[in-house]
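You will see two complexes here that share chain A, one where it goes with chain B and one where it goes with chain C.
Presenting the complex of A and B:
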């Protein structure tokens, strides 16, 4: 059986490779707490390629304005319709930042408006429990970017299931850790990432 | 002179009435007529009912309608012996029709149409109570099985010489499906496909030895008969809540979550196991060998009538080998990319269009003698089924079937993927028959196997030609003669009365 492979989306505009350690940090967590068969390293997959459909979990991040090509947009639409789980995270966590504005426009153009994910959604309880919704990041707490704590995540759903999750909380900065670094932390900040993976694999 | 005429007319009237009475009395004991073609039965049955012969010969040039057969059966029961034979050298081909619901949430109808060899027929659906309002379903050259999403009325199988009629006679009671395996893409896509098809899926997906997504707490009632969408969501939430508590202990929300060391408090897996029973589940889908259910539990479930669907990665489950239709797996055929598979817009046909050709295949080998092959890929057996006790086990050799839904370029791939999975489940699902709600008048009109019913009513055919010799009737009463005599008597009496009036003696 094909094992879980963490895929990072490579798109033609923007800095898609801005969180290179994030896959390893999440895979480390996954191996620590679950027996789910996973590949030890992530892969990079082009958003405009057919290869995208071999990876039902894909992470996309960046700082700069995003403008999808027609092929990328069509692939993303088909990917979501076919049952893939696509995460887009704003690496700036700026509410009016370039990435946020451009990527939300792209999502609107491709799927229509984003829905707000309620803070009691099962994505917050499917492995670790987060009673208050999406966990805050140290960037939010330290007043970086727009100096706001973003209370909710946003999504595109199909048949009641989240297919595209949009976050402007900057988990890409929070989770871009080498696994060894987490040894010195009392709490593993990447735990919500495992919820995303478990949700994608079981819902 | 007038008086002589009046006497003459009177005598004619009496003679005519006597003749009519004699003909009626002779008709009661009339000997059988010559062989009658079955196509002429509707014209003769009334006559035979009025003047029942002691014996009838019917030449079966076509199969009579059910009501004519029933009429003839009633005559037979009243004392008229019925013998029959085939018309010409060729016997009429047998005809059979059955309609039954498929074990599927949509309960489509499966139509079994059996035709004799070298016989062409047409299947029709009767759309209303009016027998003339029908819709063609299919033209057949041979026996076939057809699937219809629904049926408005009776189904007819027509050939030039006969017609069979069948009604839906049952509906099925379905239970949820139990999905066992590791949390994986295969599990996720399988469960989603079956839910979207309408099945209620109780998915128990192993995340770790202590956590199973979708577990229902022991005090929760087991899922019962009602089919509803979204069952997996509800049970998964219950399981996730329990899993979260087990994993997190005091861990709650955001930065206040517990330390990693607190995670992993053991949960007694026995408490959370599903009760695998035909009262709870229509079928069990075993995705891989991580399922913790003992093989003897699964064996007992299948023996009692349950269905088991075992996937390629589940065949190594300890103790499962004795249930499966295949004893071993052949050399694995690697997965192929879908990129070069033609899309829906392409018109090419043939094996290259089958998306399952691109899937990894663990060919099924060493099939047990009772196994039946459901699907082949080239020379390899891909899907096989076997009956075990009252239940059935289907083994699937494909692996990573989810790639079909995700990667196949054909726009209809998700729908085809769901339909294929639903078909696999239908092949094994335990679906007891529910209450029968057939209207009595429909039941009367059903005639699913007319030739078999004819044989049952009148026994085997008379060997050889029925002929016309010793079965020829000595006197066959003619209804027209009876009425003619009656009219003659009446006319004579009327004329006599008129003559008497004319001479003022009436």
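Presenting the complex of A and C:
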């Protein structure tokens, strides 16, 4: 079985590198709870490159407005059609923010409208169980960003499988931890991230 | 043969005649009932389809019932004695002599002979019932089934002429002379396709179309024959039934709808008649726009000056307006992100192609170093039906550099720069090795002079490593990584050896320190320049140490989901295996395949259109089927190597 490598998408516009520790935080959890062979650190892959298709799970985040190039857009469409799992997370956690507005517009242009992921979807139960849907983040609870708790995630699906997951809950802030930092926490906040990876690899 | 035996033989023959008559009447009556019910079913289907269905379901029970009734009415033929009784009833003059003869009670042959003679006497005088002769049986059968046959023939005539159909549907009960046969009210259709007004395109006449193509939102009007719309149903795909109205100022009906956004089948049904018309919408293309200025992404140091913008715009029908959209992103330095959006140089257009151009002052945006501007051109077309269509250009990014050295690096964040100190240690080791190699040929004074700068550099690196140790311990509060302490010790030792110009000994300690720092670099991402790379996970150390409860659901294999191409190939195979089906079935099957292809596999639509044309024109389907199969299944795959049944080379079996 090929080794799992966490990939962060680099795109032409915006600050794609805004959550540098997130891959390690998720990989740490992955090693703690699964026997999946995984690389200890993530890689950065250009959204417009052929290397994108080497990775079954790709994370994209940022604060700035997102404008995909034609090549990035075509690559993303192909990636999703071919069964990849692409996560887009709004680092601003702000539904009026430029990242949210621009990236949703890009998704609309590329795939059509996003669907709401029901809170009893198996992505919330495929490893750790989250009865109420997507776990809230401390940023939401502290009232930062748009001062909203976003109840649901959104997705583009293919044949009933989520292929592109869009979140404006700002997991990129919540999970941007060095693994060592978790020892000060009573509950690992990155657990939902493992659900995403397990879903991507097994569904 | 005695007279009694002769009479008994005639009795048996009479019984056989009665049985034959019962069998023929029952069979013919059953057939007549089935015929009548089938005809009634066909007649009632347009008006009362549920009753027609019931009639079809009741065919066998009704036939069985008819057979049962007829056999019950002929139950007197069950035995010779009952036949004798029946004859006694028909010919009272027999005076029970035949029954007496048939029941065997007259065992005395002479007495039996007398009875037989009496029967003979009556027969010669009154004769057997005419119904028992062969012509009589035929006539009787004919008379029994004639009403049923007449009713069935009448119903068949009504069905064929359509008289009852029109009587049932036409208001006033008057048939319309010259009307098409009922059920064919959807056979001939005329109409128009009117493109949306914003296009200015003329109306297109539709002459009994099998396929209607036009812009999404075009109004389609179809007219058919018949005085009434009852019984006719039209729907697009799986949608709700469309409304049909009486055609104004002429006989017939009219159907109007807007061209849907996706290729669909317009299904028309009228009783048993079905017809699928392929709707092939053509979307109004979104306008195209190309940003010509700024030509590429750029970085600028000055936040003032002019920004020149230019774009070329184009649309397949017409442009309505265009503008530049400028997004200013602020705060990457402070972390307090903010955005503002502006439209610049918006202007209307009334052509299909145009240029948009303008120059603006950067000072208007109140820019600070570290901010960035994203520019794109946006264009809107004249589509007011399904639009407006909006086109966006690529986005150009202009970054305003901060006044720090890192701002000189390229736009996209680079990997962490190679550490100066580490590079210096590597350089120090290399330079020291070179000096050590030249040491035998150098004079002592020269050698010492060359050692001096290396000694200073060694001291600097030691101080830097000491700084890392201090930073890690935070004044002695935290343990310092052993490797870092080891590297510091080694640098101290190297420094001491360099002080006494023992370069060979110093090299050993420098290399030890280098190895330790490199290991530390890899393990903890400790960057000597002070900037840390993203963390990495200690995968092997933490493997399976998690303690939180896990709720992993059982995985289930998803059902195979064929691609559109595979689905169409399977449907084509079904079609190929049913070429002897009705023309209507073939037409509908191909039309629905066309709709699916137009939606999801446009490259196969032309081949299926060819197949549809061949069907309509009664041409040989072979070439069209082969072409469609080639498009859907691809070229034949040649497998290199032996086939499954080929003998091995050189084997003589």
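Assorted remarks:
FYI, the second predicted complex is superposed on the first by the 203 of 203 C-alpha atoms of A that agree within 3 Å, B and C clash if a C-alpha of one lies under 4 Å from a C-alpha of the other, contacts with A are read in each partner's own complex, and residues count from 1 in each chain.
Assume a residue touches a chain if its C-beta (ideal position, glycine included) is under 8 Å from a C-beta of that chain, and two chains touch if they have at least 3 such contacts.
This one's a predicted model, so the numbers in the text were calculated from it and none came from an experiment.
When the two complexes are overlaid, the chain among chain B and chain C that reaches more residues of chain A is C.
Look at A:118: by the touch rule set out above, it reaches neither chain B nor chain C. Once the two complexes are overlaid on the shared chain, A:4 sits against chain B while remaining clear of chain C. In the superposed model, A:41 makes contact with chain C only, not with chain B.
In the superposition on chain A, contact is made by A:126 with both chain B and chain C.
Residue contacts after overlaying the shared chain place A:67 against chain C, while chain B stays out of touching range. By the touch criterion stated above, A:98 is placed in contact with chain C alone, chain B being left untouched.
Within the superposed three-chain model, A:24 lies in touch with chain C and out of touch with chain B [touch as defined at top].
Contacts of A:201 after superposition: chain B is touched, whereas chain C is not reached.
Of the two partner chains placed by superposition, only chain B is touched by A:83; chain C is not. With the contact threshold set out at the top, residues 32-35, 122, 125-129, 159-161, 187-188, 191, 198, 202-203 of chain A are in contact with chain B in one structure and with chain C in the other. If you check the complex, the residues on chain A that touch chain B are 1-2, 4, 32-37, 50, 53-54, 56, 79, 81-84, 122, 125-132, 135-136, 159-161, 186-188, 191, 198, 200-203. Residues of chain C touching chain A in their complex: 297, 327, 329, 332, 337, 339, 341, 372, 374, 376, 392, 394-395, 397, 412-413, 533-540, 542-546, 548-553, 555, 558, 561. Partner chain A is touched in their complex by these residues of chain B: 182-189, 192, 196, 203, 205-209, 211, 213-214, 230, 233, 236-237, 240-241, 243-245, 247-248, 251-255, 257, 259-260, 263-264, 287-288, 290, 313, 337-339, 399-400, 402-403, 405-407, 409, 413-414. Considering their complex, residues 10, 12-13, 15, 17, 20-21, 23-25, 27-35, 38-42, 63-65, 67, 69-70, 92, 97-98, 102, 109, 122, 125-129, 159-161, 178-180, 187-188, 191, 198, 202-203 of chain A touch chain C.
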